[in-house]
């Protein structure tokens, strides 16, 4: 499906996200927020495989990630980073995508272990998704089987500097190229694949719609997806009939 | 005191409380880290966290009540701080008193509970159920302590309580006057603050941080702010009741930090208590000590 | 024709009118109008006699069996009458629109409902107006049977519990009657004044006896422990607006009578002088402890309910304990707290029952396990319930806080830590329980079958909103109610509370709700500012929710409702021994056994009574000593 | 003097025997006879009320007034009472006969049980027995017990 | 004034002539009974308005008492005579095939009842009492069922036993005083009867006459007979006949037996009656027996009330008795169709709302709910009981209270079952117009009494004052002193 040399480690900001703010104060504020984002990373470790075993040492007294402001969090709502630590079976991948979509942007994905890069030792398994970035935009890959805690922290620092400098914008690519990602997902899960999250609406909400957001795959999705609109408060049932 | 001074005080008090509370959060995390032989977060970590959370692009809301809940959680404590006298500022201490304070302190919990309820996530509801149960557990010794103090000092006005204690120097402190009640309060304090080992209600791996499960971005940030206030309020209230409050910030600050630090450091070493064990513990020892203290104090 | 006569006449008219208008739609509005008229008359009376020393008396008086019956209104009666008529007005309003239609369509008699409601109001006014012990008793009985009528309008279950009520109530009434007659034989009169004059000369045993009889008799209506079993279920099963009315005021009639007899006539000071044998408690302490246990046990029973109406009704019992506790403290603060709680409780309990009724009206159930998420569809009902539960839990800024504060403050001043602790335990239990109520009803997941329901109709919303406003405003400016309370205290002979619009000023820690609430609102403002400083939030559907990676679908029930406090119940669950039910059951089976014995006497093969007769005959012969 | 004591003893004895008879017998006819005895005792008592030893009948024959006359009133009364008593006894016996015809027993206990059952049946009340009771009681008492 | 004798004589005469009239015209036979009763009632009423507050005595055959037999007519006696007549009229039991016999019996009952109420002679009382007893046997067995006859037989045994005891009592009285005229006895009582013998006589007569008055140990017949007899007959026995017997006892008590022990005996038996009656009623499972036991309890209250010494007791007792006199027959009229298991009454209010409402009204009054007359009666009893300052009387008061609470429970258990939503499997038939009209009439009287309570109370008080005044009785009759 994808070639190995396509691993996106660094990304240039895409055009849609690159709107400039002219107010210098706002600029300072943006910088501050970016700085804080880089110094406070809540990670959700989706412990799919062996790589998970390297995380506890990274968090406890030997390496202590908290001194870098990195904390584990348990729900996607609170997390900034999604850590995928090992091979991703197809069944797991559905959950990963759901979890990713429930995370709050700006959000980042780190693939740990070779399995997330190219399938690793499971490269010929019928049951695993080989290349994670086909389904989600991955910000940092930390290869190795398994990478040592030092390598994990090094990868984290990489991401931190990316965030601080504003280069880590991969979460926007998911909205901008939704059709591409959805297509890959549909190939794997079948045509009736959908998640509760309405990505297209979110893309609109963030102003991240591009011509690549919608396409044949999203058309397929919209055929059977009934978007879950928020249950707004209302006083009578008539409003609903109007819409 | 004229009105403008009062208004300034009312503005300043929550602000001061927030800043001190940030320090307390940091201190707590540092203590936890040090006890685990870690370095712990940097100095400004609480601020980083809060700013980051408010700066998130996505702010998932489950409805109006979700938002109002967070507003109540923060706003309730902002109001509570004005009832709590600190050196140089009495705020509304004479308008409410300690009973009012104790009840105003429940408003944020109620707000949070409402917000969590609106999230429609059972993990959150379970967390609230546990938090409220824990409140039932620790409020009984806590209220006993408050009663004892108010009775012994003969007033519910916190400013008066401070004045009474300071007239007699250290020997006039509540700690000296009613050591048993002070001990009971100290025993209940970790539970009041909802920190280890009494944080079963957030049980991250079990119920995914309970009440916070659907809290993201500024919602989470609001809860972080609330936590600062919570620690501050507990510390200052205990200091006011038993450690003579503070005439000067220079003596006041060490006291309140110590009040938070000492029980925390001890409590951090215990494994987490189950909900019913929280009740069992709180209804047993602090209440027993508190009742004995009352018996002594009222004699 | 004094104003009191006009009031009673209009009230009687309100009973009669629904009987004529019948099941027509006009009945409800007409009754509401008449209640408004009563309210206006009552307010007019306030200008005439309220607050002054002399009560407004009725022109009617009777002389039966040489006993004089007369009626009058003083500030105490006026205060309770205000609540009664207010509750009647709003309940009737609530019951006049769509609810009435539904009620009628279900085959029930609207005529009977409105007549019963009006009869309740009327009999309560008669009771409140009673001028001496006999008319007090007559009013008492009338109220009991009127509320029996109201309760039995519901389902078969309602009928069963109404039956239980009437058993308790009548037994209580008999105790009261016994007390009255004892008083009469001591004083030769039913007048309050004669009784009051005779109390100092009575010996302790007599006062104990009277105290026990009156406290138990009036306590039944108030559902004091251990006579509380009837109330919750009976109220809960009453048709919605009726439940709101009964829950608001009906059992407070017990408190009224208790104030009249125990506080106004016997006097708390006399109760303090009564020692309980073998303890260091006094009669007053005994009753205060009964009040405290009445707070605790029913509240924690409420915690276990999974029917919204029963939950509320059990709380209604518990709240009664605060009122009695406050009044028994008998200083200016405590009694003001107790009296004010009557008003406050009426307002928030009514609004809570109305809100629950609105939910039932829309969803058809009050089972807390079958609801959830209704805030999205019934936001105003939610608001009403929110205000109600904050009041019920006694948190600022609602009025329930003020009255509880007064009671707490008085307990601190008096130095009763255990009573204080008991009261606080009750409050904490209430908080737990009301959160469960609002969570399981309005928060959490909206069920699929409730997606299309609407907000309650305006005929229901208006009374709810009005009451909510009252709950809030009297919490913000408690002085409004405290004015009335002060007059009541003066009329009853209690020390009068010095107060101002915001609360009370005491040297050693007073309360100013205007400041507290203002600062709370300002705090919310600050909170809102802080909140709005973040990015704009985006609303999501309830199924877009964290479930550990699980895909939630529309038919997934993702709600936490049953056994809401498992940790607590794990610990205290075994303490629910149903002791009172056991006690009641034991009493009933004792009666059953004895009555079986008695029937056995009549069923005997050989009427062995001949033997008895012979024995009596022989005995009398010997006794005569021929 | 002795006579009157004997008479009184007789009267009270009759009353006592009557009562004992009513209380102790189970057979209806015996009970009815006992009632007869009781009434006789009561009548005798009434007669004795103004009994004077050696008095003659209160009949004035030829203007000669006897020195000691018996009081005529009780005698008249007793006559009435005897008539009433006989009537009632007759009624009782006829009722007993009817009951005997209908239920075939004169045993008081059996009658009472049967009566209870009939009343319950007529009222539609289930007998207070368990559904798992071994066997229902035969409804008609087959035995004709309690012969004289 | 002598037409009052007609009150006794006319029904008796008609009763004896009835078979003859039936031969002539069966229509006349059907109507003559009620008509005669109506006539006697009119006579009584006119006499009522004439007598005013005074009492008179009628010497039969113009023989002066004690030789002659006299009728003593005061308001109380007249009221009860009227009550018997009107009660019989209202509860006219004649129906069906046995119409003729029952008409005869009812007329006999009315006549002898009036006679009993008016009688001023002890032996006369005994004879009339026995007459009533025989009539009541006939009426009680008039359903013709074996159960009815068996119950009547058991009733008869108790009754005969009682009669014999009463006769023994009369013997004792006569032995002590040598007269049977009540007025003369009243004169002699303080000296001759104020001793053990008098007490024994009283107890014997109490037990003897108590059989009809449902006095505690000799009331075992009550549930059986009321359950098997026609409901109207039961109403007659419970409502009217029992009060007559009670009246006799009270008369005797006032006139003949001044000793306090007599009151005590009556009080104790009354208390036991309330206890057993109310408790047994609490457990009753059918309508008739519930009413029967409840009536035992009510009679117990009357005994307690009459045991209060002096006018107060008579006043209180009369109030209760009159109230019961109205309520119980009405309830038994309702029982005409509702007799049977209480379970069958579930949901009957839908079919017969008026009857259900009537039942509630009657029940409310029976348990003493203000402002219904039952309350005032009960209040009066309570007040006077507690005024005695004696623990036994106080016990009586407590027992009455407890009994009322029990009564409220069982009566309203029934009343609320009327309004249950699901109906019983076999709902009872609707009431006949006659029954319902009778019950409504009594109910209306009860309701009217609520508003007339003040004059009624005064009237009863006056009546009680008159009845309780022994000297007044003696002076009215003014018997010749005994030779």
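The chains carry the letters A, B, C, D and E, assigned in the order they are written, with residues numbered from 1 in each.
One rule holds for everything that comes next: a contact is a pair of C-beta atoms (placed from the backbone, for glycine too) under 8 Å apart; a residue touches a chain by one contact, two chains touch by 3 or more.
On a predicted model such as this, the values are computed, not experimentally measured, just so you know.
Grouping the chains by touch while chain C is set aside gives A, B | D, E. Interface comparison, B-C versus C-E: the higher count of C-beta contacts falls to B-C. Distance from each chain's C-alpha mean to the overall C-alpha mean is smallest for C.
A straight line joining the Cα centres of chain C and chain D is 62 Å long.
Per-chain CA centroids place chain B at a distance of 78 Å from chain E.
Computed from the mean C-alpha positions, the centre of chain B lies at a distance of 91 Å from the centre of chain D. In terms of their C-alpha centroids, the spacing between chain D and chain E amounts to 25 Å.
In chain B, 55-60, 63-64, 208, 213-214, 217 are the positions where the chain touches two or more neighbouring chains simultaneously. Shown for chain A are the residues that touch two or more other chains, namely 75, 77, 202, 230-233. Chain contacts: chain C has residues 373, 375-376, 379, 446, 538-540, 542, 544-546, 610 touching two or more partner chains. Listing the residues of chain C that touch chain E in their complex gives 62-65, 137-138, 141-142, 145, 152, 155-156, 159-160, 162-163, 166-167, 170-171, 174-175, 177-178, 181-182, 184-185, 591-592, 594-599, 601-602, 604, 607, 609-610, 612-613, 616-617, 620-621, 623-626. Listing the residues of chain D that touch chain E in their complex gives 15, 18-19, 22, 28, 31-32, 35, 38-39, 41-43, 45-46, 48-50, 71, 73-74, 77, 80-81, 84-85, 87-89, 91-92, 95-96, 98-99, 102-103, 111-112, 114-115, 118-120, 122-125. Across the interface of their complex, chain D is touched by residues 123, 126-127, 130, 133-134, 137, 141, 145-147, 149-154, 156-157, 160-161, 163-165, 167-168, 170-172, 174-175, 178, 180, 224, 227-228, 285-289, 339-341, 343-344, 426 of chain E.
Touching chain A in their complex are the following residues of chain B: 29, 33, 36-42, 44-45, 47-49, 51-52, 55-60, 63-64, 204-205, 208-209, 212-217, 220. Against chain C, the residues of chain A that register as touching in their complex are 75-77, 94-96, 98-99, 102, 195-197, 202, 205, 228-237, 240.
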